[in-house]
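Both of the next two complexes hold chain A, though its partner changes from chain B to chain C.
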Partner chain A sequence: MTDTNEAAEARPKARSAVTTREQQWQVYKNIDLMAIPLIVLLFAGIFSFHFALTVGDWDYWVDWRDRRWWPLVTPLSLLVLPAVFGYLLWTKLRLPLAASVALLSFALAAWVSRVMNFEIFAGFPLNMVSPSTFIGLGLILDCTLMLTRSFFVTGLFGAFFFAVLIYPINWPLMAPFRVPVEYNGTLVTVADLMGYEYVRTAIPEYVRIIEQSTLRTFGEAVTPLTAVFAGFLAILMYYFWTWVGALASRAVWIKRIF
Partner chain B sequence: MKNANAVTANAELPPAVPWGRIGAFLVALLALFGAYRYYQHVTSFTVGLDYFEPEFQIYWMNLLYAQLAIEAVVFCAVIGYLWMTRDRNVMSITPQEELRRHYVLLGFVVVFAVIAYLAASLYTEADAAWHQVTVRDTDFTPTHIALFYFGIPAFIIIGSAAFVYAHTRLPQFHERVSMPMALLVAGPIMIMPNLGFNEWGHTFFYAEELFAAPVHWGFVLLGWSAFAAGGFLIQIITRLISLSKLEGDTDVAEA
Partner chain C sequence: MKKYLVAFILLIQAAAIPDLAFAHGERAQQAGLRMRTVHWFDTAVSTTKLNVNDTVVVSGSFVPSVNWPEHMAGPDGTAFLNIGVPGPTFVRVDSRVNGMPMIRSTRFYKGQTYQYSITLKARTPGRYHVHPVLSVKDTGPVIGPGFWVEVGGSQADFQNTVKTMTGETIDLETYGMGNIAFWSLLWFAVGLVWFIYWLTKCPIIIPRYRRVAELGDKADDIITPTDKKVAATLLAVTLSLIGFGYFWAQDEYPITTPLQTGIVHLPEIDVSADREVDVTVADARYRIPGRSFELTLDVNNRSGKDVKLGNLTVANVRFVDPSVIDIKPADSHDLVASGGLRVEGGPIKAGESARIKVFAEDALWETYRLTSLIYDPDSRFGAMLYFYADDGARDYVEVGGSMLPVFM
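This part shows the complex of A and B:
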């Protein structure tokens, strides 16, 4: 089993099916017209699946987006596809677009799902389940790659800021739900109140557990500390998943399955 | 099966993409998934809440049995047809015919991607929403029946069909196997045994349906098989570049 293996070299090279430049451009256009929707749909499907099963409920619900676990696990999960397909698109096609396209495709799929599944099907209010925004993070990663042309530097700075900025970039969306209100003599947030009113099968114990540990003694520094820690982990994640992308981009042939 | 000799009508002109057929197939597919989704919407919270109710047996278990039978027939018919009509002179087809077959293969993969989106995003997260409303009851719920016994089998059928098409009709795939394509197709297939583990785990040690729970991570691993799409696209695109090369163009090493 090799990349372009001995079996490939023994094969006759393909003869051309075109004779003019116009025909050649038509073939290229046909490839683009099929490959671009294919890539967007695959990104949307894989990203949703991967994100649902690694972050899932922490991003589905506004009251789950806590200040310690959500800002850590979310960027680490989000980085996987941009890193894997970033290698493919940059090294093979010189396109610094993987993170932006992947996150944009994911955003479209997430909105369709939250409206169709969580609001229309299950009956939750849309402002309780609307997705977070991540497209800006993809732009940061892609711009770093485009400007530096280096996976090393992109990991060091792009991936670091990808994770660090996830909370600030979402803050305008979350702020209205962090307003304190008094509920039966207890201080809660608007998001907490929505969570109490719309009872679900796995809430709110997990969020409460997150709020019980010695890290609470850091007070308001919890989120910045989490963001920087997520940034350091994101650097390692980016390098690891870029390597996986290098493996996945190999055009391997094998002689037989059996 | 058409072979090199059959492609004589206008052999010097490159073929067109069969947009009409691909479009018609996609419209039919979206109509099927849309109708299924509508049925799910109107019956899940009315007659789909309790497996032990007679209504559930009528509206959901009968649907399950019917769709499993239809899927088995469709799988055997499609794979059987592609195998029985395989091209035995695949190494001698014209470049134009090879280009046409690559377009058909890409059409298969576009349909594969549409089903990937529908199954992995829309149908999967319907299950996430469902489980936060209802307590887990049995292995068969309206969202499980739609996802695991309709969406994933459709995914398997189209993936397997694309795999067999490529390996029986394209010279590039003759007498060897594309590892990335095999991984791409194996992922959805292996979801079914992992589903067995998942349901067993839920009946044994993890009753909750928190979506990011470790008992679900097997699905994530199989979802990652789609990363091999990169290697597969490299194999296809480098061949298409060779098939559309003009004299004097720079040679591209075929993957």
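This part shows the complex of A and C:
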């Protein structure tokens, strides 16, 4: 019986608590305090899962990030959630945060996963399995949206450079692993050598998809050509997923949440 | 917050667990497949006890089966000589087939003999069952015989240095990590600046939502000049950092090459001296109640010596006649049925042909689930026969064909 009494007393108090403007503000702050960590967690979770399914090994291992597929597959996969949530956060709240917060949460998640699963559990040296960095790409997308306030222009420039710059932004992390080594008379990179030495029985050498394609005639220009190609695809991807975000925000059930 | 952290870690755990768990697949695959894929022999480890930083060599020979199942991709497509150890508990410092370094993938032709050696350097202390493995593209791992190897010492002592072509000596365990940490943290910090800038405006969810809804088409009015300035500054910082990082790395590591891959072609070795016995199968039956495999064989001995059948190997299980050759199991899990082989019809004389009857009987049929052959969709067997002359010379020949079960 005491329970209901207490509850009955608490209720009018709670109602009176939001009567002043200051208290109202406090309630809003509490909502932020609850919601923002949840959003970060949600982003980290969804993003990690989505990335594992679409890019997976291409980004897990230092000897998988080739010049043709990694810079193509990765940005196209990374764009999905920033575009969908970008639409929601911008049209509903005018917050240009979706891409940067999604990629920040993802970076955090990726580091936890690589350290826990790959280094501690599976025993690989961390330098072989450490994540790439994408946060700067998220900033490009968000800041462009803020400055232009247009999804069209953000797609045209933001998404394009999001994809084009994925290789340069990671080059300081990758370059040391592309230094050549002579190994038993074979030319390999440090990354190839690590992939060979640190045994992954379930991932034999031929599983890697290294620059597989029919057109190798471009020679050294493979990286810039892939980048530009990825850039144009990224523009389309961005528009498509922003449109999906628009559809989602029109859905009734989403309206109820916001 | 603790709850968040636990939920967070669980989420991520679920998202990415490296696909490395290498089960002891010795018995997992269909019996017919294990019998008809790769015949491993002379498998040996140079030592069974070693310390961190010491090396162990796994060596031997194998013959891809000429009875390789039609419905499976063969080793003459793309294959890789692999090693079955639990993750990077060892580093593979060298692996060769017929003397050729096997850092890349290759093709192995059915019926040919390949000699391999794999040199492993111990990295993590523990006791491991080490198997040679042939990874075949679109088929999977074909597992060779396993040996227990015990590693002592401490992983903290492990070192793995290599000299690059630019003349630097590097330790692969830690190489480049400072670089990765620096750039990852830097980007993290830049990203946080943007996030925190918006967080300082908290509460940002409900008030902004209401305001945006109120303003309707003029919702952009909510954006302050400071917002734009911060965005412009951060965009400039981001682009310059990307440019700076790229040129810094170009300057620091001017010589780089793309990732290397491709197929290596193997030299053949001459084993004709070991293959001077021909065998045709006249009859093959498996008697289920007696766990007895019975073969009737027509043997043609082209060599200059009298030979006797001493060893019949099926799916890495060796059935041995101790009166011909003495093979003892190397450890508790070595699959040797000493005395499991009985042959009727004496030695095959030099240059002559003879019919012999072979019985392979042992509980290992059951233990290694080879009896399940009768449940396979393609009830065929494959086996390697080893004939010995008195002076120890050995000939080997593969037999295969359909096998009939005998139920009573």
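Assorted remarks:
The working rule: the second predicted complex is superposed on the first by the 219 of 258 C-alpha atoms of A that agree within 3 Å, B and C clash if a C-alpha of one lies under 4 Å from a C-alpha of the other, contacts with A are read in each partner's own complex, and residues count from 1 in each chain.
The rule we apply is simple: a contact is a pair of C-beta atoms (placed from the backbone, for glycine too) under 8 Å apart; a residue touches a chain by one contact, two chains touch by 3 or more.
Nothing here was measured: the structure is a model prediction, and the numbers come from that model.
In the superposition on chain A, A:R250 makes contact with chain B only, not with chain C. When the two complexes are superposed, the chain touching more residues of chain A, out of chain B and chain C, is C.
Judged by the touch definition given at the top, the superposed model places A:T186 against chain C, while chain B stays out of reach.
After overlaying the two complexes on the shared chain, residue contacts for A:P71 are found with neither chain B nor chain C.
Applying the stated contact rule after C-alpha superposition, one finds that A:A109 touches each of chain B and chain C.
By the document's definition of touching, of the two partners only chain C reaches A:R94; chain B does not.
Using the contact criterion defined above for the overlaid structures, shared-chain residue A:G231 touches neither chain B nor chain C, since it reaches no partner. Contacts of A:W171 after superposition: chain C is touched, whereas chain B is not reached. Of the two partner chains placed by the overlay, neither chain B nor chain C lies in contact with A:G86. In the superposed model, A:L139 makes contact with chain C only, not with chain B. When both complexes are aligned on chain A by C-alpha atoms, chain A residues 28, 31, 33, 35, 37, 41, 44-45, 48-49, 52, 60, 92, 109, 112-113, 116-118, 121-124, 200-203, 206 touch chain B in the first and chain C in the second.
Residue ranges on chain B touching chain A, taken from their complex, read 12-15, 17, 37, 40-41, 44, 94-96, 98-99, 103, 106-107, 109-110, 113-114, 116-122, 124-126, 128-136, 171-172, 175-180, 182, 208-212, 216-217, 219-220, 223-224, 226-235, 237-240, 242-246, 253-255.
Against chain C, in their complex, chain A makes its touches with residues 25, 28-29, 31-33, 35-37, 41, 44-45, 48-49, 51-52, 60, 63, 65-67, 91-97, 100-101, 103-104, 107, 109, 111-113, 116-118, 121-127, 129-131, 133, 135-136, 138-140, 142-144, 146-147, 149, 165, 168-169, 171-194, 196-206, 208, 210-211, 222, 258. Those residues of chain C lying in contact with chain A across their complex are 1, 4, 7-9, 11-22, 78-80, 82-85, 87-94, 101, 103-105, 120, 123-124, 133, 135, 137, 141, 160, 162-166, 168, 170, 172-177, 179-180, 183-184, 187-188, 190-192, 194-195, 198-199, 202-209, 212, 219-220, 222-223, 227-228, 231-232, 234-235, 238-239, 241-243, 245-246, 248-250, 252-253, 255-261. The residues of chain A lying in touch with chain B in their complex are 1, 3-4, 7-8, 11, 13-21, 23-24, 26-28, 30-31, 33-35, 37-38, 41-42, 44-46, 48-50, 52-58, 60, 73, 84-85, 87-88, 92, 109, 112-113, 116-118, 120-124, 200-203, 206, 244-245, 248-257.
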